[in-house]
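Just so it is clear, A, B, C and D label the chains in written order, and each chain counts residues from 1 on its own.
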Amino acid sequence: MTTPIRKNFSSDNVGPVCPAIMRAMIEANTGDVPSYGSDPWTEKLTAIVRERFEAPEAEVFAVSTGTAANALALSALVPPYGGVYCDGVAHIQTDECGAPEFFTAGAKLLTLPSRDGKLSADALRRKLDASRALGVNHVLPTAVSVTQATEWGTLYAPDELRAITGLARELGLHVHMDGARFANALATLGCAAAELTTRAGIDVLSLGATKNGAMAAEAVIFFKPALAQEFARRRKRAAHTWSKARFLSAQLIAYLTDDLWLENARTANRAAARLAEGLGAIPGVELLFPVQINELFVVMPDALIARLREAGYLFYDWYLPDGVAARDGTSPVRLVTSLDATEADVEGLLSVIPG
Amino acid sequence: MTTPIRKNFSSDNVGPVCPAIMRAMIEANTGDVPSYGSDPWTEKLTAIVRERFEAPEAEVFAVSTGTAANALALSALVPPYGGVYCDGVAHIQTDECGAPEFFTAGAKLLTLPSRDGKLSADALRRKLDASRALGVNHVLPTAVSVTQATEWGTLYAPDELRAITGLARELGLHVHMDGARFANALATLGCAAAELTTRAGIDVLSLGATKNGAMAAEAVIFFKPALAQEFARRRKRAAHTWSKARFLSAQLIAYLTDDLWLENARTANRAAARLAEGLGAIPGVELLFPVQINELFVVMPDALIARLREAGYLFYDWYLPDGVAARDGTSPVRLVTSLDATEADVEGLLSVIPG
Amino acid sequence: MTTPIRKNFSSDNVGPVCPAIMRAMIEANTGDVPSYGSDPWTEKLTAIVRERFEAPEAEVFAVSTGTAANALALSALVPPYGGVYCDGVAHIQTDECGAPEFFTAGAKLLTLPSRDGKLSADALRRKLDASRALGVNHVLPTAVSVTQATEWGTLYAPDELRAITGLARELGLHVHMDGARFANALATLGCAAAELTTRAGIDVLSLGATKNGAMAAEAVIFFKPALAQEFARRRKRAAHTWSKARFLSAQLIAYLTDDLWLENARTANRAAARLAEGLGAIPGVELLFPVQINELFVVMPDALIARLREAGYLFYDWYLPDGVAARDGTSPVRLVTSLDATEADVEGLLSVIPG
Amino acid sequence: MTTPIRKNFSSDNVGPVCPAIMRAMIEANTGDVPSYGSDPWTEKLTAIVRERFEAPEAEVFAVSTGTAANALALSALVPPYGGVYCDGVAHIQTDECGAPEFFTAGAKLLTLPSRDGKLSADALRRKLDASRALGVNHVLPTAVSVTQATEWGTLYAPDELRAITGLARELGLHVHMDGARFANALATLGCAAAELTTRAGIDVLSLGATKNGAMAAEAVIFFKPALAQEFARRRKRAAHTWSKARFLSAQLIAYLTDDLWLENARTANRAAARLAEGLGAIPGVELLFPVQINELFVVMPDALIARLREAGYLFYDWYLPDGVAARDGTSPVRLVTSLDATEADVEGLLSVIPG
């Protein structure tokens, strides 16, 4: 007999589409409109993005996956003989099955190790100092990619971003932000979206929506429009141009309307905070990082892990950050909350733990 | 003042999603399910495809665009130093912005000219005879790609397909079918789906649904499962793996259920047939090909073209087949009917034409 | 018993290195010099090229094969989503095993048919007129490639080149010249090298030397230096940067010194002319093109072909130009003369033919 | 006034071609032979390689650069969605400007850090244990690449190689060896070539000759012939197939004849050993690694570095291994000896150092 599932905390993509976005897709399903993005929804999406990010010249391209957003964005920033600085655990490095290398025709990801998934201007400068002078035998670094929030659920403050982008500017590097969980970061930091992007010196943002309530919709947003040249062709040859483009745009319009992105993110973040509070109070349970968004990285006794799973709670075994070791009989796991996590889900999990 | 649009005959992707498919997406939007394709919808899709195509071992991979289906399929059939025989007007050659070359890492499309968009076993054999012995300076042909229905709306009969695939087998070539409008062809030919695929020697089919009622859903169907090896990784690195995969699968399940694909295709085909009948009766209007599916390629007097557009009917200027010339004062155009074309749309257009 | 070979007319790459070039390599073999092109020979090569081509700002990159020169040059002219217009029998299209597609990361060669291997401004313009408006579904043409001399041994006159490059300029296309047999063309046309390149509007030349006396040396010459940006990295990542670069440069210096390139070409061309004269006088033998360089394309009675081979003369079976048919009992062959073809070789072959 | 150069210890590719190899090229320069590798030299090369490596079925492909040998070899071992384990300082990772990514169409190098440039079976196993289960989001590792001698001049003993290849076999990974300085390693280890390759479980070897006396010649040697399938086409489309192939083969034949490769290596290694002995005796000078081949990695007082350069000795500033720090006022440098390093060169350098 299989245990019935009580709640799936494996990822923020196991849940359904949020009602407002589903409704927007249904409403878009009327009449004929020109295909391939020459429709009113796509036009409106650009207007909304420009307004939300205070970027009146931004160029916006919707795609259906986060990997597409990242890999396509990088392909516009680095030549085939180029390189991209990123953290050693960046999604582009570890979880996209080589899509960045594919889309860039073989450019290299130049990884910097970290404890918390964050690049720093200092580490970047040290890396450059440690490099031999970059000659023809070496790829030409032309971009930096930061992840907000990071793969460890940690956040860049605006001034940390500005330090990185300032150095990048000095070095002639473009800056990409992987914002698969951008809304979750924004909800926590409580600042304007522009504070983390345009005013922080970001050139291109992969804005995620799928993990935060959409069906399959992400936006590549070029704050520096010159970088978007022929991007429509790049997207097409990667087979990421929907003929019925309105259905991608409609998702993103709804996402950015009436603060839906922030509402969804706050719901998920709150559930994670409550889980963190409950788990953090248990002796022998260690949170690897302060929980700032909707992800928890936790080292737990193996017995507790087994007990939670037996009770019907799903989550992934994980791994430890570089340089961290776990005590015997304990293991790292990851829990992710979604916008549909209820209080009952959270309290249910916590109630499994022996008092 | 702009003319109000009466009906858009530009393409079969300007229309909405058909109700049954939209309903299926809404119904799939409930509860948590594992992401990336480990969900019940995706499992069911494979079962339905196997049954419809009488191919109990077929492997099925859903993607969101026809270009993705074609380019990914070819990437599994040809090495980077390989070549694919196809018709000179094949979609993969003319309308995918180089996606096949991108996904195959630079393989070559080896085009054969034709009058009607169809490859033939004879032409293929002549091409091979005319080639110098294929040495190391030449790409290695490893696949043939046929389009059913073709870019000119013409159809391959089952025996024509078998002649091609028989020769291909003899030469050690895999056979791919671009079935962007497969259902339209199937509806006209009135045979079993297997008659045009498995029993005709097709190895991989790109089965289209988007042009025939879906939102964004196509399936790559491997009838020879050995060719599907690591295809999941190919799809992922091309960024075409949806995390919420159930919404791709749900579209395709509905499409293949209760003959929806055939019903939709018949509706569109019928509208095209009625248009063809009406237009064909007009002096000075020439149908370039017998209308077998939902596309009409027509040479018309320029004055008539202008008049139709002024009346609010949209359609594209087109080009002529190789070796065909148009009389002065006439031009080629393309009209495409969709599943939402009403009798009023068709009769409306025909009524513009002076009696 | 195998027939002893009397003379190998298969290609101009079956022969040895000419003495002056071998001597230059031996003389370069002394002492330590910086590697990867920071040596005096490489510096001198640039100076000589600039002088010979009257192009004081030209950038020069030596490589070891003609395919490398062509494919690398194109990779600097077209983006991965781009296209290159070329003749249907261009070497880049037919004989480089997909190297252009590989080096450009999947750009498309857009072929124009011809009778004689030559592009024309008119044909190019017609091709463009026949294309539908180039939208996002189509690759972006950014270059034209011409071959001088062509694959059929025919030549572009300077004004023919200027007509093409003028149109290219108008369309925003770069122009590449495949000059694998440039010296043979130059020797026949008797003009200045600049007349066929810089003054004819060519942006990048692949200058061949291997077929005309070198061991393995070709030069990519950018007359528009802006196009050479980061070309050193392109060459390196294609693994075409010799560490002991002096030995590439030394070959090319010798080639361009004391008119060696022209002397070698004249020798080979003369032998071809004498063969053409002799063969052309034989009833039933047809020269497919006037012989302007060191290649003959000949339709001969099969019996004569067999007789020549039995007598120890080697040459390849060939194919016919588009639209040309051969009478029964005859076949097309290709003969190529090299700089080491002696009068005895030529007269020997002609003497086999029954008087 | 520039200091006259006394001796260039920058690299083993700054020197000339050794006399025996130059002589072999001159002797090959006679008569016509079929091009593209159908010549007697190329046939003989295969025979010699098979004999030297005790590998009667080995397939051999000559190319002109080490980067070509490595990148082409890897392209035969890993699919575009694949990965290659290698040391963090491997040449393929740090010095080939992304050629491996280019040739493999975007496969990933999966680096393991080390202190000495050597992979170990243990580190490889730990890396695998630390990885999450490899799913579709991750590239598929299909190869391991080891460097013999390593980038730090250290050596793998045969049993260390066997431990790695044994694990690789267990994991289904092919094993590539970058043998740019294979002869230098072999000369020191004093074993049979097969002991380090065929009998050690190596599948493909990039055998270097250029750094050890050749002009531009390396061999890709497949000990497992099945891996060489269509490798001739891979080489051609990378533009690395010489038409006058005899001149590549002749270099390698001479290299492997009469123990020339070992003689050259011994000469260079001896010079390095003498330098190491002299430098190692100087207070404040630290050899980072025992000197086993022809490379020295040395931390020296900055004043001494300056003094040596003023005296006319050339060598590169270098960097420190991971985790090693240098005292203030000292810096790391690299010195490389070639087969033409004389006793006077070595003693000259050592005599600059204050007694």
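The rule is simple: a contact is a pair of C-beta atoms (placed from the backbone, for glycine too) under 8 Å apart; a residue touches a chain by one contact, two chains touch by 3 or more.
Computed from a predicted model, the values in this text were never measured in an experiment.
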Handout entry: Repeated interface matching A-B, over half of the contact pairs identical, chosen among C-D, A-D or A-C
Key = C-D
Practice task
Report which of B-C and C-D is connected by more C-beta pairs in contact.
Solution key: C-D
Fill in the blank from the handout: At the largest C-alpha centroid distance from chain A we find chain C
Handout entry: Centre distance in Å when chain B and chain C are each reduced to the mean of their C-alpha atoms
Key = 41
Fill in the blank from the handout: Per the C-alpha centroid definition, the whole-Å distance linking chain B and chain D comes out as 51
Handout entry: Centroid distance [mean C-alpha coordinates] between chain D and chain C, Å
Key = 35
Practice task
Quick one: which residues in chain B touch 2 or more of the other chains?
Solution key: 80-81, 96-98, 102, 105-106, 136-137, 139, 233, 236-237, 241
Completion exercise
Residue positions on chain C within touch of chain D in the complex are 5, 7-8, 10-11, 13-17, 22, 25-26, 29-35, 63-68, 71-72, 96-99, 102-103, 210-211, 215-216, 233, 236-244, 247-248, 338, 340
Problem - Complex contact set, residues of chain B against chain D - result: 36, 79-81, 105-106, 136-137, 139-140, 230, 232-234, 236-237, 241
Problem - Complex contacts: residues of chain A adjacent to chain D - result: 80-81, 83, 94-98, 101-102, 104-108, 130-132, 136-139, 316-319
